[in-house]
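Naming follows writing order (A, B, C, D, E and F), and every chain is counted from residue 1.
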Amino acid sequence: MPRPVTLFTGQWADLPLVELARSTAAWGFDGLELACWGDHFDVAAALADPGYVKAKRELLDSHELGCWALGAHLVGQAVCDRIDDRHRAILPAEIWGDGEPEGVRRRAAERMIETARAAAQFGVTQVNGFSGSPIWHLVYSFPPNDFAVIERGYEEFAERWGPIIDVFEAEGIRFGLEVHPTEIAYDFATTRRALEAIERRAAFGVNFDPSHLAYQFMDSAAFVEEFADRIYHVHVKDSKRRLDGRRSVWASHLNFGESERGWDFVSPGRGDVDFDALFRALNRIGYDGPLSIEWEDSGMEREWGAKDALAFVRRMDFAPSKRAFDESMQREARAPG
Amino acid sequence: MPRPVTLFTGQWADLPLVELARSTAAWGFDGLELACWGDHFDVAAALADPGYVKAKRELLDSHELGCWALGAHLVGQAVCDRIDDRHRAILPAEIWGDGEPEGVRRRAAERMIETARAAAQFGVTQVNGFSGSPIWHLVYSFPPNDFAVIERGYEEFAERWGPIIDVFEAEGIRFGLEVHPTEIAYDFATTRRALEAIERRAAFGVNFDPSHLAYQFMDSAAFVEEFADRIYHVHVKDSKRRLDGRRSVWASHLNFGESERGWDFVSPGRGDVDFDALFRALNRIGYDGPLSIEWEDSGMEREWGAKDALAFVRRMDFAPSKRAFDESMQREARAPG
Amino acid sequence: MPRPVTLFTGQWADLPLVELARSTAAWGFDGLELACWGDHFDVAAALADPGYVKAKRELLDSHELGCWALGAHLVGQAVCDRIDDRHRAILPAEIWGDGEPEGVRRRAAERMIETARAAAQFGVTQVNGFSGSPIWHLVYSFPPNDFAVIERGYEEFAERWGPIIDVFEAEGIRFGLEVHPTEIAYDFATTRRALEAIERRAAFGVNFDPSHLAYQFMDSAAFVEEFADRIYHVHVKDSKRRLDGRRSVWASHLNFGESERGWDFVSPGRGDVDFDALFRALNRIGYDGPLSIEWEDSGMEREWGAKDALAFVRRMDFAPSKRAFDESMQREARAPG
Amino acid sequence: MPRPVTLFTGQWADLPLVELARSTAAWGFDGLELACWGDHFDVAAALADPGYVKAKRELLDSHELGCWALGAHLVGQAVCDRIDDRHRAILPAEIWGDGEPEGVRRRAAERMIETARAAAQFGVTQVNGFSGSPIWHLVYSFPPNDFAVIERGYEEFAERWGPIIDVFEAEGIRFGLEVHPTEIAYDFATTRRALEAIERRAAFGVNFDPSHLAYQFMDSAAFVEEFADRIYHVHVKDSKRRLDGRRSVWASHLNFGESERGWDFVSPGRGDVDFDALFRALNRIGYDGPLSIEWEDSGMEREWGAKDALAFVRRMDFAPSKRAFDESMQREARAPG
Amino acid sequence: MPRPVTLFTGQWADLPLVELARSTAAWGFDGLELACWGDHFDVAAALADPGYVKAKRELLDSHELGCWALGAHLVGQAVCDRIDDRHRAILPAEIWGDGEPEGVRRRAAERMIETARAAAQFGVTQVNGFSGSPIWHLVYSFPPNDFAVIERGYEEFAERWGPIIDVFEAEGIRFGLEVHPTEIAYDFATTRRALEAIERRAAFGVNFDPSHLAYQFMDSAAFVEEFADRIYHVHVKDSKRRLDGRRSVWASHLNFGESERGWDFVSPGRGDVDFDALFRALNRIGYDGPLSIEWEDSGMEREWGAKDALAFVRRMDFAPSKRAFDESMQREARAPG
Amino acid sequence: MPRPVTLFTGQWADLPLVELARSTAAWGFDGLELACWGDHFDVAAALADPGYVKAKRELLDSHELGCWALGAHLVGQAVCDRIDDRHRAILPAEIWGDGEPEGVRRRAAERMIETARAAAQFGVTQVNGFSGSPIWHLVYSFPPNDFAVIERGYEEFAERWGPIIDVFEAEGIRFGLEVHPTEIAYDFATTRRALEAIERRAAFGVNFDPSHLAYQFMDSAAFVEEFADRIYHVHVKDSKRRLDGRRSVWASHLNFGESERGWDFVSPGRGDVDFDALFRALNRIGYDGPLSIEWEDSGMEREWGAKDALAFVRRMDFAPSKRAFDESMQREARAPG
């Protein structure tokens, strides 16, 4: 059986879930990865009201949509980030509170714990999200970094996320960190270090999104193979470099979609990700979870794009072989001749 | 609404329009860019007979085909070219006349003026075409060019096309020069100079055809962005380089389709043009005119190809986004939570 | 008319032909290239029993499947190979016999002769296969090769295959050697030498399979043009290099599908073969025989893959143009204007 | 006359200038770009003691070394940066003071003003340096940037540097911003914006260092041509990308020289900078100032490297042509024949 | 013995030979390829005055400079070109005469015949030059070429050059056509056709200049191997493509050295020619004639450049091996052990 | 101190060592890696005659040449190879004996043991060589390999080399397998398996030769880093791919230097090996042994080449840095200011 193809609802949170569910079912999706914002999935409500998760599930069922994961990116970002005004815009008011950084971080951590509990009640075993990072701003070492500070950043990450992962473990939920700039891990080397810092606890893995590797010139299939035992969930998303000698891979402090940027997110299949190689790697490691389309393309109308992306994934998501290579050439394996 | 997809009829002029219209409508085209040769659009007849343009329009309407532009390439070529026997084969007999070069050029210029008038009567605002060039034969500077002669070539172009553009302006028609070898402009540098020579008059712009940039190793999206205010019409056409160390990018005086050539025109999507990047650039500059397939592929049966090309454009012509990036992550933009 | 698309049955020999024929017809194939193993085509039976070939043909006819070629790869391999235990697994018991190498080679040669006769009775004119090679193990020259031994290898190939080709000629059948590692010819240079060795006899040509050229970094279209008069049959198969600085193009003595290999076979269109260029070359040389999908992809479920491959070929197999380039721009060729 | 080749002394500040001058003269350098740290050039001393600059000049003269520029990178960095502990390590104690950020920034600005005055006294017209940036930490837009804040960053830069440039102008000194990550300008787009923000004042230009463009995949020659009127000084420095699918162009929070980094600085000529193209561009724009080797290569012994770099520059720094192309083929230009 | 390295004097014709000989000898050249313009080599004088060639040879001998070839490019260009004002600037007055095209062509042909005779008297066996072309201006087929006209162009070339080659043959001199745009042959395909047109007469070969292949994306070593029996003389010259998506390989009607051009000539070793591969190919075919540096680089001072080029050639011009590969590993070939 | 640069004498065994030592010393080499063939180093003589090694050393000393390693490639090849006539040509007569394969392999193994003893007497600690391979001929899996046979090949290698390595260990000598086609290890994957098979014994390491990785498209620096603890000795040798779409990476059963081959060995610095990256990797892992030039280039005269190669290595073999990056920017590290 092919893997279910879901839509991550985070970029559609302006639409009520009741509307979005109807549309995505009509487009042919198998399910949704519900974002914990908009009215899609409300962690506090889920914990407060026993009927909340039941109603959500019924809504999805009515459209024959499955749900295997929640997306808790926005709150997760605040857990060990350097808090500034940008966080105010993305956090629930009760998490932001007065905006005092340490308070924000603690409330965010508490909400992540609640998210594990809500996921358990809702009946999914996977929560995806961001981690934030105390050291992202040191990405270029000038003034020269004190690398003990970098090490300390990994430790702080582990200290803040450890208690959260305790609860994930207790609830039987796995957390999938989306490896992504501004998080503690955004490439191979930082993922290695982050996993070491948190002592490779089983409840802490990766929500793999290949789009973030492509603009860094990294190989998605190689990532999947290296971190095979930590690929807990997969986002289908793409990005395209537009380097012409005048544009920078670092994107020039410009917003997505600006012509002078060196890269942009694009609808899956229209960028630099080698999805054929990626899906072969997923087959090789035995990943059988959802393929969750996180649709972002600042140059394309989103409904047109979501349907285009779904068609693309259907075309790419071949099942692995069930036979040994050249087996039919062996005498013993043949039909009676 | 997506852009209309039209077929440029120039390569189908052996077929009567009545037949071609029926076919293209059946294949799913939205309209035609009528060539001013064959029986597709006769400028002289249109001016002489008030019923001519009405009948044409009715024919198109009967197939629910639109028409937004005329193609006057062949006569335009003669306006400031060095006339030789090759022009005889492509010009109407009355324009060729006795073949005396200056006479040919003047009659061609007059016919271009009439074309603007006919277009106005027919109810389109766009005429595409070639310009010819008095200096194309100097493309490689040996014997060493006198670069004053090159400058003089741009001036001659402006002198000959100025009066034509006067009438285009008066009639409210825009001329779209197809940037193309053998014309006054065939790349970025020559387009810059040609636009300067004609003082960037508003009635003189570009019919952009990416196929001609690809074999020169140029970037179509970059062209669209640099000349954003002059992209008046777009041809969808492709070309493919076949360089193997023994073939030349200059094509060896060989006819299209010969194996030893360094490049060839191919059906859209099968060549080197990056249409995804091109369409994003068109979205960015706000181009909303037709996408006119100029179908030329010496290695493919043309009906098979026209349908294949149309399917390709439908797959590529996504609408631009109507939303700001990451907007749904902002608290204010979300559905009530 | 487009070329027929067939499936080579060699990799499906675990299925009875009656079942495979039903499936492939349902998937939309035009015919089958029958492998001479499994129960697909039994050379000995065909010669012994006059009703055998009739029944086969009726089975195919009942599904509206054509058959234009037989595949005799396994027995052909033994004709001039260095015989070892691996041959036992792929040869019919009566050809293997006691496994004494020279005896195996002679019985294999005899069976190839019978194959030509069986093909004639069955009513096909093409038999494809391997040749084996007495010198493949000398592929890397260390200890330094005595190149007279290499020359002698080409001569031995010609001596062993000459008498077989005599019968092919007499029966009006053409043999198509699949150019492939471990055969006497596996690239341009060795194909040149092999054809010279066998004196370019008309009954000896090539079953062209582009997948084997791609991982050697060779150009399929160039091969087709150089050996235009010997392209007797075409396999549609693809391969993909996975070179990342740590994997070798020589594949490390690893089985297909292993992650550390430098290349793998993949379903057509998902690899490095430039099929657009290849099909243009086939058009140019006038090849109008079958396009026979030899489906092998160790990372994909084969039924999904066979259908995907067929759709790919239908999309790629355009007919060549029937018109001269730019013909419609010539005055004489136009519709009356 | 070729351009003078100098060594920027910033990476050699552990050596007393008296020793470094002796060595560099012996290695064949034409001069030094004196760093305003170590004992190389002390701005405060230069202003306090009239004999200071005279003694410096005499030391240089005694080795036949010229000096055309000062390097004030470390203090410049603090002018509009977000101050943290890293600045303490690189700033003079009197600039750091108590480390209160706004105080640090103001004292740094004051010291830059003094640097212009000291330069004037010393008899050079060029001071190079960094600017710092209030917005570098926003380089990746997540949480989504408020782009008004980015705009405000450019304004703050202009507000803080404006008064400094006033004094530079008054003193007849030009400031050369080294375009570099962590500064207000680090690529084409940000340089455009920074120059606009500061209203393209003539005393504010660029100390061009190609190494920083190479790892961002940008073209040094194109930069020189676009900002031709602002190339006030040139550093010769190189960098090399080491991308293998597992390393990131963003360098993974790792120190220079670590194996997992995606790029590193290397001795000139051993990296990705196309110096031939760069020097042609410098010839084309008429740059005739120093070529100042800023030597940094974490994998090479520095004395060996400095000599190697000097030999490289001598080999590359060809003078531009003084003749028109093909002039000698014109009859009039020839020797009497 | 390594091949002699000569300087082609055509780009130095503003200098009297007496001066140039002194300089080039001092720089270390082995000889000169004398241009038939300036005062370097005067064909008419050589035929008129028996002492002329003796004096030239003595001048060269006095500097220990050899001469193995004359360069007659400018007059050769006029033999079958479309004559225009540009030819006036490069031709001797007596060849230009009144400028009537056919007269110019005939006088040029006559002078080429005299050049063969003068070469014989001077004691060289090689004359290099251009051919001109009656069809160069048809390089891009629009208006669509009548390809019979192209064929006729090759015939005209053969008709005009045939009688010249008669005399070359009679005098024992070989003509080396420099394959070059604006000549009858400028790439592989046109060289094939030109050699066929002139029936591969032994006195007609190629003066191979790799710089002209590089900007057309062609492989110099492959050219040398394909036309091995016609490589009569070799120019060492280089060119560099500067394609950035905005520059054209066709160079935009711009003079050499302009920033917007897509390619330029550069001093040998600084461009795209793979000289290592080229010199290996020359070794393989047994070419042992001069390596004649034709120095053209619009961005470099020419004396600096000529010396740099000479050093480059000395570094590259390795002798071929005199031993079989791995021979020393064979027992018989070893020193007594 | 830079590493010593030696010449491996294997390709010069036709010259008596007394002559070769004189030449190489004159060319500037620091020492020799003596081949155990020709009269360079005779293992049997060394064990039989106590004066032999003393005399060798004195000869080297008289030219101030060091020796740090022996090369025992030819005999090593026979230890676990499939023996054929090619071995006869490269083996000493007493090892070949009657040519019966198992006897040859045993005598070769015995000679390898003696080589360790002779090395110890001579006073070197490193012996380099080949291993042979029982499975090389199975490099392409057709007829389909039984992969248990491949596994068995690694075991056989370990069984045959284990007793040899016992003696190496006992004598304090390290064996360096040259990773190379036809040996048990020729790339990353096979080196991993071979090292596992022999249980990563400390006396068994690698003589790293980058030329063999380059034509397989592998990364030499990555190899050095992955097998850092087994890089016991380094050969400096290069190879160049000549792929043009018609040549194969597998080299077509052609001898080195043939034009149709897809790659060839070339003098160091003229091929595809990235020596800058390789030497940085050697610096990083702390390799400080010899850089031994194994000079093979079928297209270059060998004396010219050896000197060219030595100059190349001297230019590339920079010492690693002894300082931390940007250290001189830290206040504490500076000269008193």
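By definition in this document, a contact is a pair of C-beta atoms (placed from the backbone, for glycine too) under 8 Å apart; a residue touches a chain by one contact, two chains touch by 3 or more.
Since we're looking at a predicted model, the values are computed, not measured.
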**OP:** Work out which chains are contact partners of both chain A and chain B.
**Re:** C, D, E, F
Subject >> Of C-D and A-F, whichever chain pair has more C-beta contact pairs >> reply: A-F
Original post:
If you take the mean of the Cα atoms for each chain, which one ends up farthest from chain C?
Top reply: D
Original post:
What is the chain whose Cα centroid lies farthest from the Cα centroid of chain A?
Top reply: E
Original post:
For the homomeric pair chain E and chain F, should the interface be classed as same or different, according to whether the shared residue numbers exceed half of all numbers used?
Top reply: different
Original post:
When the C-alpha atoms of chain C and chain E are each averaged to a single point, how far apart are the two points in Å?
Top reply: 48
**OP:** Report the inter-chain centroid distance for chain C and chain F in whole angstrom, where each centroid is the mean of the CA atoms.
**Re:** 40
Original post:
In whole angstrom, what separates the CA-based centres of chain B and chain F?
Top reply: 62
Original post:
How big is the gap, in whole Å, between where the Cα atoms of chain D centre and where those of chain F centre?
Top reply: 45
Original post:
Residue numbers in chain B touching 2 or more other chains?
Top reply: 74, 89-90, 141-144, 219, 222, 244-245, 255-256, 325-326, 329-330
Original post:
Can you list the residues on chain C that touch chain E in the complex?
Top reply: 141-144, 325-326, 329-330
Original post:
Taking the complex as given, what residues does chain E use to touch chain A?
Top reply: 244-245
**OP:** Name, in rising order, each residue of chain C that touches chain B in their complex.
**Re:** 219, 222, 225, 276-277, 280-281, 283-284, 315, 318-323, 325-337
**OP:** Sort out for me which residues of chain D touch chain F in the complex.
**Re:** 10-17, 37-40, 42, 74, 89-93, 240, 242, 244, 255-257, 259, 266-267, 270, 296-302, 304-305, 308
Subject >> chain E - residues contacting chain B, complex >> reply: 74, 77, 82, 85-87, 89-90, 135-147, 149-150, 153, 180-182, 186-190, 216-219, 222, 226, 243, 245-256, 260, 262
